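Shared between the two complexes below is chain A, which pairs with chain B and chain C, respectively.
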Partner chain A sequence: MPEDIHLKINGQAVSAPAGSTILKAASSVGVEIPTICYHDYCTSNGLCRICVVEVSGARTLTPACVAKVNEGMEIQTDSPRVRRARKTILEMLAASVDLSDAPDIQAMLVEYQAQPDRYPDAQTRSPEVIQDNPMYIRDYAKCILCWRCVQVCAEDAQFTYAINFSGRGYRTQIGTFFNRPIPETTCVFCGQCIGVCPTGALKPKKQWLMEQGQTTDEIMRLTRSQRRAKTKKTTQPAPEGGAA
Partner chain B sequence: MKEDRLVKTTCPFCGVGCTLELHLKDDFIYRVTSPFDSVVNHGNLCVKGRFGYDFLYSPNRVTTPLIRKVPQKPGARTQAFDLSEWREVSWDEALDTAADRMVEIYRRDGPRAMAAYSCAKATNEDNYLLQKLIRALFRTNNIDHCTRLCHAASVVALQMAVGSSAMSNTAAEVIQNDVFIVTGSNVSENHPIIALQMKAAVEKYGAKLIVVDPRRIEMVNYAALWLAQKPGTDVPVFAAMAHVILKEGLANREFIASRTENFDAFAESMEKFTPAVAESISGVPQELIIQAARMYGSAKNAAIYWALGIPEHTHGTANALSLINLALLTGNIGRVGTGLNPLRGQNNVQGASDSGAMPWHYPGYQRVDDLAAAEKFEAAWKIEPGGLDRNLGLTTTEIMAAVQPGGVRCLYIMGENPMMSEPNLNHTRHQMEQIEFLVAQDLFINESGAFADVFLPATSWAEKDGTFTNTDRRVQRVLQAIPPRGNSRPDWRILCDLALRIEKRLGRQVSAGWNYQHPAEILEEMSRLVPDYAGIRYERIEKEGLQTPVPDLTHPGTPFLFSERFPRGKGKFHPLDYVPSAEMPDDDFPLILTTGRVLEHWHGGSLTRNSWMDDLYPEALVEINPADAARLKIESGQPVRVTSRRGSIVLRANVTPKAVSGVVFIPFHFREAAANLLTNDAVDPVAKIPEYKVSAVRITPAREEELATPEARQKRGRY
Partner chain C sequence: MDDLDLSPLKDRLRLLQPKGRSGLLPALHTAQDLYGYIPEFAAEEIARTLRVPLADVYGVIDFYALFLKQPAARTVIHVCADPACAMAGADGVMKRFSQSVASKNTAEGSLPELVVERAPCLGLCEHAPAVLVQGRGATASSAQSYQDLVKGKPEHPRSVIGRSINLLTANCGKGRPTTLEEYRQSGGYQALEKALSMRPGEIITMVKASGLVGRGGAAFPTGMKWEAAANAPGEIRYLVCNADEAEPGTFKDRVMMEEDPHRLLEGMIIAAYAVGAQKAYLYIRGEYLYPYEVMSRAIDEAAAAGWIGETIHGSDFRFEIEIRRGAGAYICGEETALFESIEGKRGFPRLKPPFPTTAGLFGRPTVINNVETLCNVPLILNLGAEEYRKIGTEKSPGPKLFCLSGDVARPGLYEVPFGIPLRVLLEELAGGVRGQRPLQAILFGGAAGVFTTEKDLDVRLSFEDLRAVGLPLGSGVITVFDDTRDMRDICYRLARFFAEESCGKCYPCQIGTQRQEEILHRINRSQPQSEDWDRLQDIGWTMSDASICGLGQTAASAVLSAMRLWPHLFKPSV
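Then we have the complex of A and B:
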């Protein structure tokens, strides 16, 4: 058994096993810290920074999903500084990404009184929906770059490595090597990426067709040649740089 | 989009038995996920579990009972794929017709004229009922299912050596192995979720993997050693490993003394299998055999995982025994993280076997020629003493061979597709034409159902309740998610309705019992007759399945077997000799053909070829090594003709180092180029399993016009 670490979260004394993250320690005493990119069954990377908390003595805010507890830590999970940081993160996300399929993040926008229109010149990223295979679509206008899909495709589950980040900065997007259509990559269509996608950027094709207003009978009557014709139209490799 | 309902159930494809969550809107499954805390698959799925369910909505599915318009005669029976050749009828008319004809043939020719193919895709309850129907009503044991075509030799060998024929350990224990052997198993395509656990075992837990396989399968990428034996030379390789383990003092003397018997005879028979001899037969360099023996022999926890590359040979039983010998020799059995683990193919092949859909056994592997067992089932089914047949029934291949006047006249096929799955299909076709009366119970008019007189439309797994037993003996619930499509009915209900009609026509005074209100009652009846299922009830497995044996209602299940003793008492070593495959390559047929499956398809294709899955892998491809292809002047994608002594097919070549030189591979899912037209119907003398893994073929270039579906192409990048 690992040794217990003693700390304070929002003034409450907490003991947690050494090696626990701040997120887990807080959760064990009923303090819920919001998360977006974090997933219980994926490796945490502290990418989205929504889980930041204030640790006494630390210069910057600390991501709770990856930071481990230390003896004597004093943590504020909902201080004004923390709330301001979360609000800004949410505003920037909402200004650049289509969050219409992410009810959890929408609820956070309300809770943190985020005002995405604070950035009137913000450019929404709106690449076209990629339909390059019969199983799932990729709608990267909804992608918040949480990295979960890349991780389950790699060591978190599949060891398949079909997708990764492409581009840099604002142009960062999840993509395949040389923007190849998915069937021509190492993809095995396990759909783990769909299972962990938090924003509906990855969706089973049938679900997507239903949302486009097709009836289930219409969907099932789509023949192979019809589906292929549709696929062909949209598999042109995206221009260099992807999203923009 | 928000679902109307979320239904937790068990995947209908392979033996892994993943938990699925079906997301439904308007009775349409539009999305499948898996809970991340699921015990079998930890939230991971493969393409079949995630996307392969849509066959059940296919416009090709038949959802009305059908009778052939033109009466069929034995010897002139034809296939009718088109609905215009069938008449839509009521359930009453279909079932009455089936009952009338079956009883008529039974009255005229007796029990030997009756036979059934049961179904490893169907539930335990469905299989239990069909074997009950055949045994109790027609007094014959002529019932079998596809276990005969897949793991029969593993089952027989395990019964001979340890007395139990399932995976000894839980699949997820692979992360507790120090060393594990994967042989005759393309795990990443056929048991993808177990493959993930194997990859994690190597990459994250430091296990060493030894792959013994004549194809360069994906798992070779993770292997410490790859032994590429010529197909059919498994015994020399594994016997030579035993030879080295014996010579180098790596045998577990304490385990051998306390838990095994017949060691001396075995050890003597291993003398001749020196690594040099094994190399000369198998082509595996002797240094690799020695390294593998040392690695397996000196591991603390070692396990062996195998699939159909081991049993599907004329010496399949010996192949499996060679693996069992290794485990007994090193004591790698009976503990966590060890074991003998035949990976079962079908979602419920373990369960269909447990449920007695086999010609030599009642449910629970109780032999039909054992007096006490027969009396037990006579009492349970209210049959007069001596009423049940004490003779072993015919196996899958024997049933087909016995179709002739004086032999089998009436065949009932529940869910199987022998016209794709039997070896030497030209012969199978001839036999199917000779059947006097044929009933097919299925979702689709497949190649076999097209021969039928009466077609009974069954429901898929998502439209009925029941249980499946997965490869590591876990009995799991299958839940009805949607109402039966059209006028289809669950298999168990069809069988009960038919049985009552047959019973009435036979004038049986006492009913064997067919008035079940729910499948739970069927499982309860079975659990009273099968000691390993005694403690299984639906209410106990609603949340999580139980691993058999479950001997009583409070027993928590059995994650690994044989900790104290083997069911037969001591584990028995078997001396072995090398027997070559029935058909070896020669000047006319210089290449060895081996067959199997691909990730995107399922067996005879009834399901996945009626799914969008067919888009991902739309045509048969023959895998051929670049060196062989260069010699034959064949390029990747080019049409080729593959010919054996029994048949010939045309398909595209896939030139790939996944095939080793001299060995080609064809998946057997594609009716347009059915691999089983080529395969050899020679069988293992003990287990009666056909030799799907070795037949001699030649390859010649073909023209584009000779392809059945030249337009069906999909470029793919996966390994």
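Then we have the complex of A and C:
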């Protein structure tokens, strides 16, 4: 058993095993800290910063999902400084991508009284939906760059390395080698990326088509012919309609 | 694509193969040198040889601004449009060149003759407006058209050195690199000889006693850093010299490398010996082609003379230096992003802890130091800690290099002891504001810095004095603005710089730099919205408080300081 660390969270004395994160220590005493990029089964990169908390003595805010507890730490998880950062991050995010399929983030917007239209003339990231394979679609207008799909495609799960990043900064996107269609990559259609995507940017094709108003019969016909096309010609993706 | 031959690439890749993924940036540079860009088939060949997933190779190509995915043009001219160059007419240069190009690039289907591109600060600020012609630095100050630059080989602009002391810059100002022989004659490599006669721990003690702190911006005590790495468990340790110098307004490391390369090498060898590193990487920004060539030659010279290699002057100390070229990414100056870059990855900063001294490059204990920091090391060995401490102030010992640019009579590199008043540096050494105009503002610390006005002219240039008035010393950048300058335009350019250079890893900076640029864009066009003030404040504080690394944490620093000094500029006029 690791030794216990003693700290204070919002004034309350807490003890937690050495090596645990602030997030886990807080949750063990019922203090919930919001998270977006964090996922129990993925490597934590501490990149969305929605989980930041105030640790006394620290120059900047601290990401609770990756920072470890220390003896004597005093933590505020909901101070004005923390709320300002969270609210601003949420508002900026809402001005960047389509969050309509991300109910958890929408709930956070309400909780932090964030105005989704705070940045009215902001340039959004809104590339067209990519339908290049029979199994799933990629709608990067909904992508919040949480990195989970890239990670499960690599060392976090599948070791297929089909997808990575393109661009940088605000223009970062998830993509393939020279934007090749998915069937021309190493993708094995394991579906892990779809499973971890928090915003509906990656979706089973069938589900997506149904949302577009297609009937089950139409979808069956469509996907069957596409599956055949794929087995016949592995390097050429089946011809498909453009973005919806 | 069929007319492109893969065999020369294959030959060169063979040499890089043992490096594995770490050979990725060198391999991509090789491909681009051969083909003018990185063709898809070359990227595939590189991926196969180095055993890097294809998607990752693409991710790396697309991260670095200097790597091209398509053929660009026979000649590419990069024009810097950051503050010092903007004030010297960079926008006009861009326009003139682009117009003359437009009339030239007519032939259909073939590659354009020439492409003119905007670039971030090229580290040639004292020669503003600065350009790169096919990767070579030049000044466009007297060029009427691009032909003036393309004709013949543009000469590398000669550095301007001013000083009140000449401890670091003693061999600088010749307009060419100091040779090994000249360096030896001026007492060079004696510090190394002395170091090799000492125990590594004694050197660390001496550097600690000297009070040397890092000159790369973070002002961390160098001796403590070395001690931590030397004491970290493990057999393999690395030394990394950070020559990524891309902070707008900074050019000191370039001048040191171009003019006195052996001083840096001597500092590196001593540092490596002290911390027990067998290998060092010298990471030079991609835009610094000439310094890269100078350093490469100097390393060959030093190796031939036995200062680098299997055994160093009879000792059992073995040491090699590998140069790495960046490829256009300011963020790779951040130490952990720089490690990622050497490892062949996108330049994403890592989370800390762990710190480099315990888990740095390739996960090993690593000391990373700035060029100027390492250039101080031979000086400390030669003088001894006590004598060294007589230079500068009690809390900021030693000499310091300052980069002056913008509206100053004599832009250039200045060497002074810590503690001289800003007024002395600006007025006595650099000749004051150009054309005797009134001073409007000084930007301290580059794009990541803070604006001030004449109210701080009497501040003494030391870490402690500057901290007391809320100014960052940063890496020693001082950019001067006269009364005619529109500070909104300057703020917009700084915001654009950060938006273009954010790595995109963490939300506050990835999105915040973009939103900040958008707002400053409309403010610069005199169209501020009434809520823009509050938006800029929220974005600025959130980036400073919640970003992963120093880039995001300082991306609003200059703007927030401008808002304090000139609030009316950021509000709609009533």
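By definition in this document, the second predicted complex is superposed on the first by the 222 of 244 C-alpha atoms of A that agree within 3 Å, B and C clash if a C-alpha of one lies under 4 Å from a C-alpha of the other, contacts with A are read in each partner's own complex, and residues count from 1 in each chain.
What we mean here is this: contacts are C-beta pairs under 8 Å (C-beta built on N, C-alpha and C of every residue); 3 or more make two chains touch, one makes a residue touch a chain.
The structure displayed is predicted, hence computed values, not measured ones.
Engineer: Which partner does A:G169 contact after superposing on A: first (chain B), second (chain C), both, neither?
Structural biologist: second
Engineer: In the overlaid three-chain picture, which partner chain does A:T185 touch, first (chain B) or second (chain C), both, or neither?
Structural biologist: Once the two structures are laid over each other on A, A:T185 reaches both partners.
Engineer: With both complexes superposed on chain A, which partner does A:R221 reach: first (chain B), second (chain C), both or neither?
Structural biologist: In the superposition, A:R221 contacts chain B only.
Engineer: Thinking of the overlay built on chain A, is A:G195 touched by chain B (first), by chain C (second), by both, or by neither?
Structural biologist: It touches chain B, and chain C stays clear.
Engineer: I'd like to know which partner A:L61 touches here: chain B for first, chain C for second, both or neither.
Structural biologist: second
Engineer: Once chain A of both complexes is superposed, is A:M135 in touch with chain B (first), chain C (second), both, or neither?
Structural biologist: A:M135: touches chain B, not chain C.
Engineer: Which partner, chain B or chain C, is in contact with more residues of chain A?
Structural biologist: C
Engineer: Output check: A:E211 vs chain B and chain C. Expected answer is one of first, second, both, neither. What do you get?
Structural biologist: first
Engineer: Indicate the residue numbers of chain A shared between its chain B interface and its chain C interface, in ascending order.
Structural biologist: Common to the two interfaces on chain A: residues 185-186.
Engineer: In their shared complex, at which residues does chain A touch chain C?
Structural biologist: Listed in rising order, the residues are 45-50, 52, 60-61, 63, 66, 81, 84-85, 87-89, 91-93, 95-96, 118-119, 121-123, 145, 154, 161-172, 175-178, 185-186.
Engineer: Where on chain C is chain A touching in the complex?
Structural biologist: 40, 43, 47, 53-59, 62-63, 69, 329, 346, 351, 499-508, 510-515, 518, 522, 531, 535, 538-539, 541-542, 544-548, 553
Engineer: Touching residues of chain A toward chain B in the complex: what are they?
Structural biologist: Chain A residues touching chain B: 40-41, 133-136, 155, 157-160, 180, 183-192, 194-195, 203-207, 210-211, 216, 220-221, 224, 227-228.
Engineer: Residues of chain B touching chain A in their complex?
Structural biologist: Contact set of chain B toward chain A: 1, 23, 25-26, 28, 30-34, 36, 42-47, 50-51, 54, 57-59, 188, 192, 196, 199, 203-204, 599-600, 612, 614-616, 618, 712, 714-719.
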